[in-house]
Every structure is written in structure tokens, then in C-alpha cells.
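Here come two complexes built around chain A, the first alongside chain B, the second alongside chain C.
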Partner chain A sequence: MKLTFPHMGNMYISVKVLLDTIGIDYVISPECNKKTLAYGSPHSPESICLPFKTILGDMLYGIQNGADTVLFGGGCGQCRLGYYGDLQRVIINDLGYDVNFVFLELGEMSFKDMIDKLKPLTKGKSMFTIVKSIILAIKTVFFTEALYDFSNYTRCREKQNGKTDIIMGIFHKKLRDTRGYSSIKRLIKKTKAELKKVELKKDFIPLKVALVGEIYTLLEPFANLEAVKKLGNLGVEVHNHISVKFWVVEHFLKKLSPIRLKNKPRLAAREFIKVDDVGGHGIETIADTIGAKGKFDGVIQIYPLTCMPEIIAQATFSEIQKRYDLPIMTLIVDEMTGEAGYQTRLEAFVDMLERRKQLQEMDLVNAKSGMSELS
Partner chain B sequence: MNVIKKEDTGLVIGIPKALFYFQHNLLWESFFKNLGCRVILSEDTNIEIMNNGIKLCGNENCLPIKIFHGHVHYLADKADIIFIPRYMSLNKNEYTCPQFCGIPDIAPLNIGKDIRVIEVRLHLDKAVNITVDSLKDIAFHLNIDIKEVATAFIKALDTHNASIKKDEKAIHGSSSSEEGYSHNIVVLGHPYMIYDRYLSMNLIKKLNDRKIRVLTSKNLDYNTKRENAFPFQDKVFWEIGLDNLGSCFAYTKNKSISGMIYLTPFACGLDSLIIEFIERRIKKESTMPFLKLTVDEHSGEAGFDTRLEAFLDMIS
Partner chain C sequence: MSKSECFLGIDVGSVSTNIVLIDESGTIIEKLYLRTSGKPINVLISGMQKISNKYSSSINVKGVGTTGSGRQLAGVIVGADIIKNEITAHSVAAQKYVPDVRTILEIGGQDSKIIFLHNGVVSDFAMNTVCAAGTGSFLDRQAARLEIPIEEFGAYALKAASPVRIAGRCAVFAESDMIHKQQTGHKLEDIINGLCEALVRNYLNNLAKGKEIMEPILFQGGVAANVGIVAAFERELNKKIIIPEYYDVMGAYGAALIAKEKIQSSNAQTKFYGFNSINNSYSAKSIECNSCSNQCEIIEILANNKCIARWGDRCGKWSQLIQAV
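Up next, the complex of A and B:
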């Protein structure tokens, strides 16, 4: 049996650890690129969202390279992501491939369902190995996340532009051939050490921007046209709350834990939308945007064209901007998005934030000097 | 008789003639009439309502949502309170489009006027009690006793259910040779697309004028639709999706049907999946002619008619 699974940002690193430790053979398609899209989009419905097309492309690549089982987990609420699997199965069967599908619908599933669904994959493996590999995979999620966060920190502060990108590029290249938990962990540590050596500008306070929006487009650099990198190189520190870590914690760990905690940040969204769920991560988008006030200079929302939950979230933004005095920009991506226009919009937004910050500081200085004149 | 007694709440409730109206008009109209409120409806969709809606609403929304905004805007000055129900789930395992969950909040935000909105929440899959809570809210806002609100709601529900039964029977009893109809054509799509005369460019009337009987998902009973809803039988899916999938595959078995038309608004999230399932299965398993018509605010009626005529020529 050979497994394949679609990409979602840096998630493949942890899935690699998981499958290596259990001892399942797999094919990973190359990181999402134009070719992936060209594989997927001819067979996709025309007005479906971008993730469907790239995910289908990943699956087809894997199948054409020897995989006989497709693993795919996704979807919560009434978002279309939860229904991808059923249609992709039909499409792949229509194309004449005879493969097995394992779809994990995390929104509705109990732990027992999940074990049942994974059983055919883990035939002949002891329960101990499975649990161990799940724990190691989750650990990897946290390591990887920390590395990416750190690279976001250095990228906007580095003296010589592009150093961070080079180090991360090498990391990705080496990762292809690295297998097993301990060697991946070592690689991550080594990369982090390299990043620490990057010379940083002193006394430089970068602009801070929060990314919100649809999870796949946020995490997949190809889908968002490397917004994180582009912003970082413009000298902006980027934070992304909706990450693989968030996904694992929210849809996996919290599901397993017997304690149900009140989700306080989510409740903030009640100010605008009086329900708990509008599908996907629509409520998180609103809550994160409100939470960005005071911590960030601006917010950028990214979502694929026709994404329903994010359209709802976007409708509240004009009011949030007014009430919280927070600049928000929305970027909508699909396979037709031009890179130059995209870059221009990011630059314009950053320029605007910079000017705003300057004016605010000037106001502060003026207010202070005014005070001293008065006294 | 007690209806006359309560006629004095004096409140005017506005119900927008869009989205949910085409499925549940009787339910909500009779609910508020039972409560003794005066109900006004917005006009049928027209160019002015559409243009207002487009101006007020976000660019990314689908046309029916934009038009809904136009209807709410129309009612804003005319009614004391505007009623926008919040549909989250309409049955076990059946959800609605995410837009329906957000619309009671989004519409006032987008329109920007000071609008009083009341809502009834329906989440029949997981939390039936929130409907009761929202009825309590209504009782509080309208200053009516909760028991009366509850009885009014149940009475309205009966009226609604009776009308659904009537719709199902209406076509079942008759065959295509009656009343001079030459063909049967199935029109699929969201109820707020196919029954809104402006949005659908009068599709149903155009077909009727050509001596064609129109069948929709209204003419099938609930169980038939759910049993045929490939591949989502007994699974969690959208309510409208199940309706359309189910009616499509139930009608394909019917030999007297000569063709199917699916009317969809541009960029509809649900339809992008549903139509793909339908097209792929119809191609594989039957010879049913199938036409997909996409409309948005820029659609020209001439082009629409040409496509329709070409399809009808092919059938007859």
C-alpha cells in the first residue's frame, strides 16, 4: 500500500513524521505550484474555490506516481471543504483510477470513528506505535510552527535582505530527503540556529500585520502568492493565528479532551454575528480581527474567490474599521490572480500603515509639546 | 375571533420578498398575522430593488443576497420591524448556506440605517431549543405573552405544512396530456432563484407559454428526494442541495420528463458542488438533456432567451 495526501502549508512535515514512524509508504507531491493547479483545475467545477483545485492536483500527482490510497482530512461547519472528498472521489473514479479513499471529517467525528477509519491503513501495526507516532507528529507541529514564527521574526528585521529566505529555502530542500522524527527535529534545530546567526537591524520596530481568513489559502504559500514572504521583505512582521498548530489544537486535541473550555476570543465576534458558526473559520476571522486592535497596525484578510464564510466575515469589516479604528484589507485569490497587482496592493497597504504610524507618532509628540507649553 | 381582539399591537412587520420567502412565505406571514401584527411585504423584485441591493451589499455576494439587501432597504422606512429569520439547519443532518446564518446581522450592517430586526432561529439538527429562545425574544420585543407566541407559531406551522402537502399532490394527480401541455421540463435551483420572477427572467412563465409543464422540487415529497440524493443519502449536507440532488435523480427515472434546466446565480458555493455531481452522473447513467443557466446582475435577457430556445428546439 502506498499513501498520498494533499498539502496544506507546512503540514506535510508532521504527516511525514506520522507516516514514517508508523511505517507506511507514501508519495508526497511537490509543494504546490502552477503545475499542481494545472493538474487539478481542468477536472474541477468552474466556480469552486481554489483549494479544491490544488488539492485535487496533489491527489492526482500522487496517484500517477504510484499511490493507491488517498488520505484527506478537512472541513468543519457548512464550509465546502467538508464536501470536497465526496466529489473528488467521483472525479478521480471518472478519470479511471481505482484507488482507496480515507476521508477524515473532523467536524463530526468521534475518536472511535477516526480509529475505525484509519484501521485499514494501520494493519499489522501495534497500538503502541500508532499512539507514539501521533504524539511525535503533534510535537513536530509545534516545532515547525516555532521555526516558522521565528523566521517571520527575522525576515522583517534582517540587515541583508533575503538571508532568511535563503535559509528557509535550504530547509525545504533538505526536508524532502529527511525521514524520521529525530532527523527532522535535528534539521529544524539546525535551521533555527542558522536563523539566529542572521544579523538584525538594531532599534528597528517593524509594522505588525495580522493575517486572517480562510485556513488553506493562509497556510499554502502558493495559494496566497507568498504573502508572508512578501510582507516580511517589506519590513512587516506577520502573524497568523490560523495555523496548522491552531488546526490541530482546535479540531483534534480539543475534540479529545473531556473539558470544554469557553472560547473567549470567539465570543468577541458576538458583537457583530450572533451565532457560533457560519461555517469554516468565518467567526475566527471576525474574532481575530477584533482581537488585533492594539496589538497590530493592520489586518489583511485572504480568501479564495466564492468562499462563503469569509464573505460574511468581510461584510462586518466596514463596521469593525469604524468602531475599532483598524485598517483592514481584503485580498481574494484564485488561479487568475496576477502577482504584480497583488504585490502593488500589499506595498500600498504597507505604505499607508507606515504613514499612519508616523502621523500617530507626530500627533503624540505634538500633544506632548502642547502640554509642556501649557504648563 | 381572538385574532380581531389582538389587532391592536399596531406594529407593522416587514417581510422581505426574497430568499426564505419563497419557501416559507405562508409560515411567517401567518405567524405574524396570528400575533395580530400588520404584515407588509416588499414589492416583487424589480430593477430599483436590485440596483439598491447591489449598491449596499458587498461585491463578493451572490445576486440573491444582493437583492435581499434591496428588499430590506425598501422596507426600512415602511415597517417598524423587519423580520429576517436565521436558518441554520432545517432538518436532521440538513444545513443551510452559511450566508443564511449571517444574514440577519449582515443586512443591517450593510444597509447602515437604523433598522430594527427580529429573528426566529431555526437549528433543527442540534439545538431545537434555540428556536424557543428566539420566540421568547420575539415575545419580549412585541410585548406579547410567550404562550400566545408559541401557539401562533404552531398554528402557522400547520398552515405551512398543509400547503406543502397541497403542492406535492397538485402535479402528482395529473398527466402531461391534460391542459394541452406537450412536454414536461424540470426546473431545478434554489427556490429563491426559480420563483423570483425577476431573477429567473420569468423562466417558468416562458416555459408555460410554450405549452411546457414545469416541475420543480416542490412537486416531490420529502422522502423521495432524500432517498435519491446521491451521494448524500443520510449524510450531512445542505438542505437545498439535498432537495436538488434528490429531485434531479428522482426525475431522471421518470420517462415523461424531456429535459432539465438548472438555474444558478453566479458564484453560488453550493451549486458549484451540486451541479458537478448532477452533470457527472447524468452523463454517465442517462440521456437526459440538461441545461445549466447562470445569471448575475449583468445577464442580458436576450442571451438567456437564446440559450433557452436552443435547448427547447433540441428537446422537441
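Up next, the complex of A and C:
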């Protein structure tokens, strides 16, 4: 048996650890690129979102390179993602490929359902190995996330532009041929040490921007046209709450936990929208945007064209903007997105945030001097 | 005779390439509005030559700013002190014209923008997201199809007698709808007026999104020359629209002003290569990098067959290379 699975940002690092530890053979398609899209696009419905096309592209690449089983974890609320897997299965079958599909609909599944679904993959492996590999994979998620967060920290502060990008580029290249938990962990550690050596500007306080929106486009640099890198190189510290870590915690770990915690951000979103679910991470988008007030200078929403949950979320923004005086910009991406216009929007947004910040600081100074005059 | 000190602003857009020369006080000495016609390098150079022929003996360029979608390209060719996006450039220029401006409507060749200002700072902006309907190129195309010179296109709309509703959501549908209306016998003036109204409706729905449009309102960009669109805006908003004197080169004007501010505040030397450098032969070359799965298209800008800039790579390998040289 040979497995393949689609990309979602840096998730493949942890999946690699998982499969290596269990001992399942796999094919990974190259990191999402134009060719992935060229694989997926011709067989996808025309007006479906960009992630569908690239995910299908990843699957087809895997199948054409020897995989006989497709693993895909999706499904969250009423988003089309719920039908994603089924539609892709039909398309792949119609193309004449006879392969097995394992779709984990994480939104609705219990832990037992999950083990049942995974059974054909783990035939002949001991429970101990399986549990161990899941734990190691989850640990890797946290390590990787920390590395990415740290690179976001250095990128906007580095003295010489581009240093962080080069280190992260080398990391990605080496990662392809690194296998097993301990070697991957070592590589991450080494990269982090490299990043620590990057010379940073002193006394520089960067603008802080929160990214919100559709999870796949946020995590996949190809889909969001490297928004994180572009903003970082403009001297902006980028935070993305909807990450692989979030996904694993929200849809996997919390499922396992016997205690049902109150979903605080979701409750916060009630201020603007009185439903529990609009599909995908629409409610999270609203909640994270509200949560950004006071902590961030601005919010950027990114979603693929035709993404229904995010369109609903976007509708609340003019109201949020008015009530909290929080700048929000929306970027919609699909395969036709022009990079020049995208860069212009990012630059203009950053310019605007900078001027606002300067004025706010001036106001603060004026207010202070006004106070001292009064006393 | 001592040379007067000047600043250059260059806006390389999809439809037009504009060059503005301003003096130390920020007054426009010369403006050029040239059609880009898909050849940004040639047009930029011929524009620079025009400026050079007329002024090179009497002025001293202290600073250069570039903007527009070709700002990087223009920046490396002339040697720019600042390379700024259009939103910032347009708002700086508008504020110079009307200091307390609250709303800027800007419709260019390939994009349209709306900029809101509050206390002299951009407080919000929007650019058309997924469709180019309602931009200059579309009007250009329709004018060409109807064989009306673009300069007279708007005037036709003013002669309209009865309203015709055109579907303005998408350029392709708008065109089919116009053809349909022509075939059912509507008058040309009415159709053109309908188109102007559709574009304005589309613009306000998609960009302004119900946000309050406060006066003073400035209308900039090449489309501001279209009296039909201006009239449609005034009808729809029921507010007065101000068209600045140099509405068509506001981006370049803004870039020049930003360059002036930067040079004057920092007392820096300009990076401008001088008027002689435009006699070099410039060309662009594109190569596909095969080092990784991204397969970036790398653009190389050559001056006299020597590479002066590279971009388009995601990893920074190629663009770093040139910085090291």
C-alpha cells in the first residue's frame, strides 16, 4: 500500500512524522505550485474555489506517482468542504483511477469512527505504535508552528532584508529528504538556531497585523501569494490564529477531551452574528477580527473566490470597523489573481496603518502635554 | 544662469504612463500623459527624452518618485528615490489640491479605487477585487467598438433622453447587454448613458459598500475626463464632484511630492541616474527557474545587455544576486 495526501501549508511535516513512525509508505506531491493547479484545474468545476483545485491536483499527482490510497482530512460545518471528498472521489474515479479513499470528516466524527476509518491503513501495526506516532506527529505540529512564528518575528525585524527567507528556504529544501521524528526535530532546532543569529534592528516596534479567513488559503503560501512573507518584508509582524496547530487542537484534541470547554471566541462573535455556524471557519473569522481590537494595528482577511463562509463573515466587517475603529482589508484570491495588484494592496494597507499609528502616537503626546499644562 | 531644482514623478500604469515635473514649492512645471500601449519601457524612455530635450539645460533633478503597476520597473530604469503604491501617491496629490479632502474616487485603466480620508490620513480604501468591469480599459474598448473617439464618449451620455439599464456586473455581460440593446433599437446616447450609470452603480456597490461618502469628493484618474461618468456619479451621490486640474496625472504628481518630501526632510542625494542614462538600450527578459517546485518566472531588466535588476522569484535567490553585484 502506498498513501498520498494533499498539502495544507506546513502540515505535511507532521503527516510525514506520523506515517514514517507507523511505517506506511507514501508519496508527497511537490509543495503547491502552478503545476499542481494545472493537474487539478481541468478536472474541477469551473467556479469552485482554489483549494479544491490544488487539493485535487495533489491527489492526482500522488496517484500518478504510484499511490493507491488517498488520505484526506476535511469537513467542517456547512462549507462545501463537507462534499469535497465525495466530489473528488467521483472525479478521480471518472478519470479511470481505481484507488482507495480514506476521508476523515473531522467535523462529525467520534474518536471511534476515526479509528475505524483508519483501520485499513494500520493493518498489522500494534496499537502502541499507532498511539506513539500520533503523539509524535502532534508534537511536531507544535514544534513547526513555533519555528514559523519565530520566523515571522525575525522577518519583520531583520537588519538585512531577505535573511529569514533564505534560512527558511534552506529549511524547506532539506526537509524533503529528512525522515523520522528525531531528524526532523533536529532540523527544526538547527533552523531555529540559525534564525537566532539573524541580526535584528534595535528598538524597532513593527506594525502588527492579524490574518483571518479561510484556513487553506491562509496556510498555503502559493494560494495566498506569500502574504506572510510579503508583509514581513514590509516590516509587519504577522499573526495567524487559524493555523495547523489550531486545526489539530480544535478538530482533534478537543474531540478527544472528555471536558467540553466553552468556545469563548465563538461567543464573542455573537455580537455581530446570531448563529453558531456559517460553515468553514466563518465564525472564527469574525471572532478573531473582534479579538484583534487593541492588540493589532489592522486585520487582513484572505479567502478564495466563491468561499461562502468567508463572504458571510465579510458582511459583518463594515459594522466591526465602525464600532471598533479597526482597519480591515479583504483580499480574494483565485488562480487569476494578479500579483502586482495584490502587492499594491498590501503596501497601501501598511502605509495606511503606519500613518494612523504615527498620528495616534502624536495625539498621545499632545494629550500628555495638555494634561501637564492643566496641572 | 543657475539651474532650478526640480522633482520628477513617474506613474507607469496599464493604460497610460505619466511624468510630472514639479518645482521646489510643489507646483507642476510640466506634465506628460502618454499611452503605455503595452510597451512600458519604450514609452517611459521617450517620455524622459521629451523632458530632457526641453529642460535638461535649465533644471537640476533633486529627486525621483515612481508609482503605478510598473513602479518597480520605472524605479530601476531611472533610479528612483522612492517607489510608492498608487493609493498613497493619489491621496498625497489629492491633499495638495484640496487639503481637507474626505473621499477620493479614482478610476484608472485596469483598476478602480476609493480612498477615504479622515484628519488628513487615509482611514480606509478599497480596490476592485475580482472584476475589471468599470475601468478605463473597458470604456476604451466600448468606445472603439462603437467607433466613437474616447474623448467624446462621455459627451454622448449627456445627450441621453430616456434611461436604459445595462448589466454592469461583468465586462463581458455588459458588452453583450449593450449589443442586445443596440439590436432592439435603443438610441446610442441612451445606451452610453446606461453604461455610465451601470459602471457608477457597480463602483459604488463593490467598492464603497455602503460606506458614507463625504464631501469634498475628488475624482481622479483618466476616466474623470468622461463627463458622462462624472454626471452619473453626481446624480447617484447627489453631491458635488471636484475634478482636479491635473486629474489624469495625480499618481505621478503624488510620487513627485513624496520624493520631494523625502529628499527635503533627509537632505539625501538623489539616486537618479541622470538624463544621459536613458540613452542606454533597455530590454526585459524572462526565464523560468527550475531549482524548485515553485518554478518562478524571473524577469531580468537589462541595460546595454547588462543586468540591472531581477525579480519574480519567491525564494530571493535571484533578486539577492543582483543586490550583491
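What we mean here is this: the second predicted complex is superposed on the first by the 372 of 375 C-alpha atoms of A that agree within 3 Å, B and C clash if a C-alpha of one lies under 4 Å from a C-alpha of the other, contacts with A are read in each partner's own complex, and residues count from 1 in each chain.
Criterion: a contact is a pair of C-beta atoms (placed from the backbone, for glycine too) under 8 Å apart; a residue touches a chain by one contact, two chains touch by 3 or more.
What you see is a predicted model, and the numbers here were worked out from it, not measured in a lab.
Examine A:Ala340 and indicate which partner it touches, taking first as chain B and second as chain C; both and neither are also allowed.
After superposing on A, A:Ala340 lies in contact with chain C but is clear of chain B.
May I ask you to decide whether A:Leu305 touches chain B, chain C, both, or neither, giving the answer as first, second, both or neither?
A:Leu305 contacts both chain B and chain C.
Just chain B (first), just chain C (second), both, or neither: which does A:Met127 touch?
Neither partner.
Between chain B and chain C, whom does A:Leu87 touch in the aligned arrangement: first, second, both, or neither?
Touch partner of A:Leu87: chain B, not chain C.
Under the stated touch criterion, which partner chain does A:Ile332 make contact with: chain B (first), chain C (second), both, or neither?
both
Applying the document's definition of touch, where does A:Val275 land relative to chain B and chain C: first, second, both, or neither?
first
Between chain B (first) and chain C (second), which, if any, makes contact with A:Ile205: first, second, both or neither?
neither
Examine A:Ser318 and indicate which partner it touches, taking first as chain B and second as chain C; both and neither are also allowed.
both
For chain A, give the residues common to its interface with chain B and its interface with chain C.
305, 318, 332
Could you please specify the touching residues of chain A with respect to chain B in the complex?
45-49, 77-80, 82-83, 86-87, 90-91, 94, 108, 272-275, 277-280, 282, 305-309, 311-312, 314-316, 318-319, 332
So in the complex, which bits of chain A are touching chain C?
30-31, 33-35, 162, 165-166, 169, 173, 221-222, 226, 229, 305, 318, 321, 327, 330-332, 334, 336, 340-341, 343-345, 347-349, 351-352, 355-356, 359
For chain B, which residues are in contact with chain A within the complex?
The touching residues are 57-58, 60-61, 86, 88, 95-99, 101-102, 104-106, 109-110, 121, 231-232, 236-238, 266-269, 271-273, 275-277, 280, 284.
What residues on chain C touch chain A, complex-wise?
69, 84-88, 110-111, 119, 121-125, 127, 129-130, 209-211, 292-295, 314-317, 319-320
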